[in-house]
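Heads up, there are several structures right after this.
Both complexes shown next keep subunit A, but they swap its partner, so subunit B is in the first and subunit C is in the second.
After this line comes the complex of A and B, so read on.
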């Protein structure tokens, strides 16, 4: 379980996170939603120890994140994080060199599914294809938890469909998944839990399916209520 | 331990690959400019000697009395050899900044990938430091080879009678720059490298302070840099400060310098480790 406990974060004088707490269980797909600037990416960065928090703690299966745990948790940011002059193959080789959890067979499968050419250089790829490579490099790790930041950002509808299909195939099993996205429609059917952020705090946490069944509201409906009053 | 070394070697090889083009360029420019110096400087001397002998109708001995005999020191003091050294030092200094900042450049930040590697984050620090040192020693090695070849070229161009008889080592021993950067004198070479290593550790710490705390970090980093410089130069002023009470032997001053450099180096490593593990921001 990933446990985020009472985290506070400030940029200059601006308080971005003001006591955020939640948990992510294995086998559960959760989505962190909120308007721009509400601190979604900051939370993911804080979980991955990529930005320090002023107060609070993050534990993964009861342990504070140390580098060895990057074999247990993967983060797919919303931008390509491989070297632009690398080919896709070189990017995969790089992952293979460092991660015990790199699953070469799965990488090959995803590569084939996305119809990517391993010898293409990342800098020559379209934004959509770069996002696919980013996903490939994250999803091919046999980790227990995956965090994804805006996986659909700036991506056309057909690519989104492909990515959603990959999610359905590779985010299942016993992984704990946390996604941030504005494009909630594309993945709403996959979600177990929705965490709504507002003004640096968790405003609401609910089960998407339960909300649909009991109140007849989609996630977007709930978001509309919260953010537009 | 085996796994630790493997990932450290992997990272170092990776960084080495990234510096390779820049390093090859520096090495190439060094060799090219040196070669020009080995040919141009003695030929100019030979040309002037011949011209003087022909126009003034004097013997070679009289011309030597006018221009002096030629030594390899004349070559090592020429801009053709000094410029590449300066270029190498300033190039590697700039690269020492670039080697960190490039990870945060642009939208696609490679810092994400580096900081999420399942290896101790100090390995990133060490691999970058090792690569700078590999580059430094590559330049030194190429300079030594170049000087050895250059000495032969100069000896072939200048007639034996016109040469001063100064050996390569003698020429380098009296050279204010080469005697420090090349292993001619072990004392100077080790001192220069000790100071250089400490400087690099402090520089990396300043960079990490800036990457962790932004402008505030830059201010703290500059203050840290100034304090370390003051500590490092303190032994040089110590004899003047206590001259009425105690006379220091050179060995005592040297020991003090080594202790202070070690303290600065270890402190920088500890601060850097803390910053990389707890404070660095993407």
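After this line comes the complex of A and C, so read on.
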């Protein structure tokens, strides 16, 4: 379990995170939801120690997250993690050289799963295929937790469908997954936990299936109450 | 196989209804192996934990059974299967009656219409 506890973050005078706490469990898909600019990416950056936080802590399986433990986590940012003049194969080789946790066999499986061509150069790919390469490079790492920042933003519906398939596949089996998104419409069925972020705080955290069962509400229903109510 | 889920009812119940329908229709025959929870989750594009929940509930209702280290299978117990058919029929009748209830109609006028619909369906299936 990754536990984020009471993190605070300020950019200049602007408070972005104001005491954010939540957990990411293994074997579950959690989703951090919030409108644009609400601090989702900042939270992921805080977990990955890419941005200093004023207060608060992040632990992984009870231990403070120190650099040595980052090999348990893959972070897949919104932007490309590889270089535009690299081919997909070169990007994979690069990962292989730099990460002990790189799993070449799984990388090959994912390549097939996404129907990508290893000799294509990244800069020649469509935005959707670039997003797939990004996912490939993260998912092929043998890690226990995967954080994905906006894996669905700005891509076409068919790519979106292909990417959602990842979440019910063995590619994330038994791993703890956290994704951020501002559009939840066609991924509701895939989620275990939903964390709604509003004005730098967790507004509500709930299990999607439990919400349907006890209150008869969809995730969108709850979001509507929070963001427009 | 494709199922459209609605967003407000628990998905595990919708999965159970989907599987029960396949059992009563004979599409899933007694004793056949069920797909693994991940296979089914992937086919239906839903969360594997949800499929797990549906399987557990169906196990509790004895509609499926699992021997150690083997895939789950559809029950072969005729009592359980008859009970399921009865339950399915009761629910269908409740829905049907509540749908036609607002229209004042005699059962004897209704019967030929039901027969006609059944005949049409059989023809369409051929």
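Keep this in mind: the second predicted complex is superposed on the first by the 226 of 229 C-alpha atoms of A that agree within 3 Å, B and C clash if a C-alpha of one lies under 4 Å from a C-alpha of the other, contacts with A are read in each partner's own complex, and residues count from 1 in each chain.
By our rule, a residue touches a chain if its C-beta (ideal position, glycine included) is under 8 Å from a C-beta of that chain, and two chains touch if they have at least 3 such contacts.
It should be emphasised that the depicted structure is a prediction, and the values quoted were computed from it without experimental measurement.
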Practice problem: Determine, under the contact definition given at the top, whether A:4 touches first (subunit B), second (subunit C), both, or neither. | Solution: neither
Quiz item: Now for A:223: first (subunit B), second (subunit C), both, or neither, which partner does it touch?
Solution: neither
Practice problem: Pick one for A:191: touches subunit B only (first), subunit C only (second), both, or neither. | Solution: second
Practice problem: Considering only touches as defined above, state whether A:48 meets subunit B (first), subunit C (second), both or neither. | Solution: first
Quiz item: Which partner does A:29 contact after superposing on A: first (subunit B), second (subunit C), both, neither?
Solution: second
Quiz item: Counting only touches as set out at the top, which of subunit B and subunit C does A:110 meet: first, second, both, neither?
Solution: neither
Practice problem: Based on the superposed arrangement, let me know which partner A:146 touches: subunit B (first), subunit C (second), both, or neither? | Solution: neither
Practice problem: Please work out whether A:60 is in contact with subunit B alone, subunit C alone, both, or neither, and reply first, second, both or neither. | Solution: neither
Quiz item: Following superposition on chain A, which residues of subunit A contact subunit B and also contact subunit C?
Solution: none
Self-check item: subunit B to subunit A touching residues, read off their complex
Solution: 7, 10, 14, 107-110, 112-113, 115-121, 212, 278-282
Exercise. Report the residues of subunit A in contact with subunit C in the complex, numbered from low to high.
Key: 27-29, 164-165, 167-170, 173, 188-192, 209, 212-213, 216-221
Quiz item: Tell me, which parts of subunit C touch subunit A in their complex?
Solution: 5, 7-12, 38, 41-42, 44-50, 53
Quiz item: Residues of subunit A touching subunit B in their complex?
Solution: 45, 48-52, 67-71, 74-75, 77, 79-84, 94, 97-100
